[in-house]
């Protein structure tokens, strides 16, 4: 059960509410986000909903039987929208392409990529400065200095930045330079990191775990939301399966399912989702018709020289056509369902 | 290596060719399809390709390093097309919707479905008369009598029939009434059945196994082709994974991969692929942009009363819109890539 | 619900029973095995069990809520035992090793293997004469002639034969020469084959599907049982997973689960289950302590020259030690749980 | 390639070595553990191994082609052993049982568990004080205060403590009270945490990821080792699969594979590995014969009242028999392979 509270609920009203919850044997968690105050109450007993709903200080009340509560569409029917500023929005009918290299490699690369994005009217740039790598001997990213260069180049052009945060203590130094914090697939259940991102007032994009269930992804989002941050994007990036003829199994089923179960926007990563450059476009366009609110794709000025993920990265020239085809497909979808 | 032979290769030329293959240490299989004669030769030794290619009776010769040979796009670059007659074709730019109930349940149902398909200009009807069921106590289909009713109703309206064959000895009695023999996911590696369908001159649609690899699907097709039947459709219908919030994991990655690796048309089954009625359309349209040559969907006059698969089956009314959206999406795709 | 009937139930008593089942809205299937007569009745309505149980001709009655019925341990608490004759039994405390090559390759091989088994007191020989192969160009076995040689060599030494049947019409010609019909993983849901084996009065070993669930394996067994054959062995042989450092993921969890849910004996195949020769013994012994009633392992006089599966096949010398270790482990287990 | 350096290698010798590596085009990482100094060098060029091996300051040199290097058995043939002090060792023939509750719940529980372990001569107690939970609303553990109580009770009885660390900044406050830091399955690729544990001089047990590959587990260990800590235990705890009749698929294949590929000890967790109380013993004993160096099992004074994981937790009485059977099985194994 989610109880939306009046913003300035009186202490005695709050106490009365708590007492009533205890009386019916419900456990509750107080959630204060940047937007609103809630009580998330969990229990099994049946009771007269009016005994809570009619109390003073209670704005609204919703029964939510899912394991996740605040991210469920059962109480918040309208789709959420993430506002990145300068008119750049994601969700509730607003679609965004995010593009850029797997890893930030240097100033020249950043500059060329920004030019490429500006030319194509792409508003969000991706690029890792902290790279989770299976082997400790692989390139692990340029770190905070790389991020500062990234920021400097994007800022002046109005390009927003999405980049991965791997560790709680990176959040503060990164904060100023980041528009969307990305949590990678390997940290999908790093609950301390999720809690910490709940305290931040910038959007967070949660990648589904390597073999994370849809339910787990939504519960990860519940961590962030219940810690205070309502600005959450969900990202399908392919799951691990037995099939070996591509990198990951892009689970496009997850798109309509997530959009049905939750009010949060859904982003698809076709680059990791299939992992083969020549097939990225097909999966990108399929994702749009499956219902995605955005796409995140890997592009590089010279994919064959990329520090990482070159085999799934498009050249700028290939990407030019991809963006055009994505935009046409979004327009087609809008018309089909208008 | 695939060696295409002259249709009427002289016996002495054939013997010389065989001798040359033996000389270079290659094992060979003679393949005689309804279209052409081949020798499929397998070996590791390097040799001068001209020592075979220049022999009399050899029309053409292709090195194919894949596990599958005759179904590979490495030797047959042009996409194959299946011709069902009366102008109904699949592949090489021709798209078909196949629709109908999971199980054929009776004459009234067949009649109403045929009317529904005619109204929507759908040319192929699906419907099972032999049903593979996990439990021996479940309804197993109406059998050959059901098929005869099915045929009678479709014949007069020019609707083609696709239905599942489970067992070698069903092929002959079914033959007259079937336009496409479907091999189900549970029989994906029933090699005797595949061999037997190679002897038939009607198209065969192979569903990918419950957790079949793409390579195994192509090798199943190789069984049919090498036994003599070149008319093969591949079908992606979802794979088994750890995810429990839908029925199967529709692997749309498989579509561009299959179309890249093979010359055979690819059909997608979004009904089994997600297994939830309200999400079938999204996955159907996504499949079109992923590159599918056709879709097979479950529809029923009263899904909630269907003998099987009701939860993933669309009503006629829902299907009317689905067909229209599919057709618009195919047209959009054709324009995008024209 | 399983209703055990008196062997010679009177027709009027049977009719009364049927009428009562129809009255309470239950669907029923009459099952006549080589051992006993049953009615398997399925329905949801609650009713007074005595209204059935007290009828004449009813020997016993059991509620079974599982998807499978006759193979469930819910009605048949005592473990089943398979009797191969000449004192060779499997299940209910009797353990058997089955060993032999992947494929029967010729008389010399058969002869040497039989000698090896006799020397080690192994009573059941495995060996394929019909081989399911992913590629149509691979060796597919010596067929019925190979089986006859196999039989001839084993008969005189009192060795029992287990071999794979792939297709309904192979059953009859194979029948005379086979002691246990094996259904392979690829035919785990070939329901026509399962039905046909239900009509046979020789034991059947069902391998779990490539990615078959435990529930599906038990329902496959239900097919055989409900078609008349109670002599069934279940076989865990590894499932398909994402892990690539071995051939299959041997699911030893399945052993205690199957033995808990069903009364049928459970065999484990460590050779396919890990697929790496040097690790077969470890998994074989682990399987014994997990509760297996038997093991099936691949051995060959010269593994590196085997027609198939050489990498997972033990030499005779390696196998000598394996058998000894298995027998010691079985003895240890018997003592531990005596 | 792993280059073992003399403990006090002279600076000029080190420079000469570095220069030689650069000359042959190898990238290198200097690794200084609590035990020894290494250079891990990675490259493709072939070169005369003597050109490095003969340099001054080089103690030994090993080619290791695996993705992981320092944890590979290719250079360190002798099995590693973890010494917990007071004669308690794991690996190289020393077997340990670790037992205790899923979560530390209070002083009474700790006290009773310690008594139970002492009585059974179990030397290591498990118990979580930081609990990774899918839902933010679940019990997340007693934290550092719980750990202090845990420590106080164990210290006096000579019981060693293994408990999970979820986050870098927990390491320091936990350090004094912990004998083995456990990294949970959800943090299996939390590379910052792994790096940080490399700086600690206490043993670390790495659980395999929810669907982590064996290769990834070994690379996670490589993170810890290459950051300075050689005291590593690997733990198989079941992987995620399609099978739903138990909690996880215990992958006992991983045991012989890990012990073959690596010199590190391997622990098995049968409690999470099957997740059903009555089947834990079977899987525990199977793990011993598969080659495990230790077991970690969940026990609780009243499993049905446990805060978490009750369904897979044994009562003290059940555990008494389990320990006895484990010890007998270890003795049987030692004799079998002596």
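Letters A, B, C and D mark the chains in the order given here, with residues in each chain numbered from 1 onward.
The criterion applied here is as follows: a contact is a pair of C-beta atoms (placed from the backbone, for glycine too) under 8 Å apart; a residue touches a chain by one contact, two chains touch by 3 or more.
In this text, all values refer to a predicted model and were calculated from it rather than measured experimentally.
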item	value
Set of chains adjacent to chain B and to chain D	A, C
Chain whose mean Cα position lies farthest from chain D	B
Interchain centroid distance [CA atoms averaged], chain A/chain C, Å	49
Centre-to-centre distance between chain C and chain B (centres being mean Cα positions), rounded to whole Å	33
Distance from chain B to chain A - Cα centre to Cα centre, in angstrom	38
Chain C, residues touching no fewer than two other chains	211, 215, 240-242, 244
Residues of chain B that touch chain D when the two form their complex	211, 240-242, 244
Complex contacts: residues of chain C adjacent to chain B	27, 29, 40, 42, 67-69, 132-137, 166-169, 186-187, 189-192, 195, 209-212, 215-216, 219, 222-223, 226-227, 240
Contacting residues of chain B [partner chain A, same complex]	211, 213-215, 239, 241-246, 249-257, 260-261, 273-274, 276, 278-279, 282-283, 285-291, 325, 328-329, 332, 336
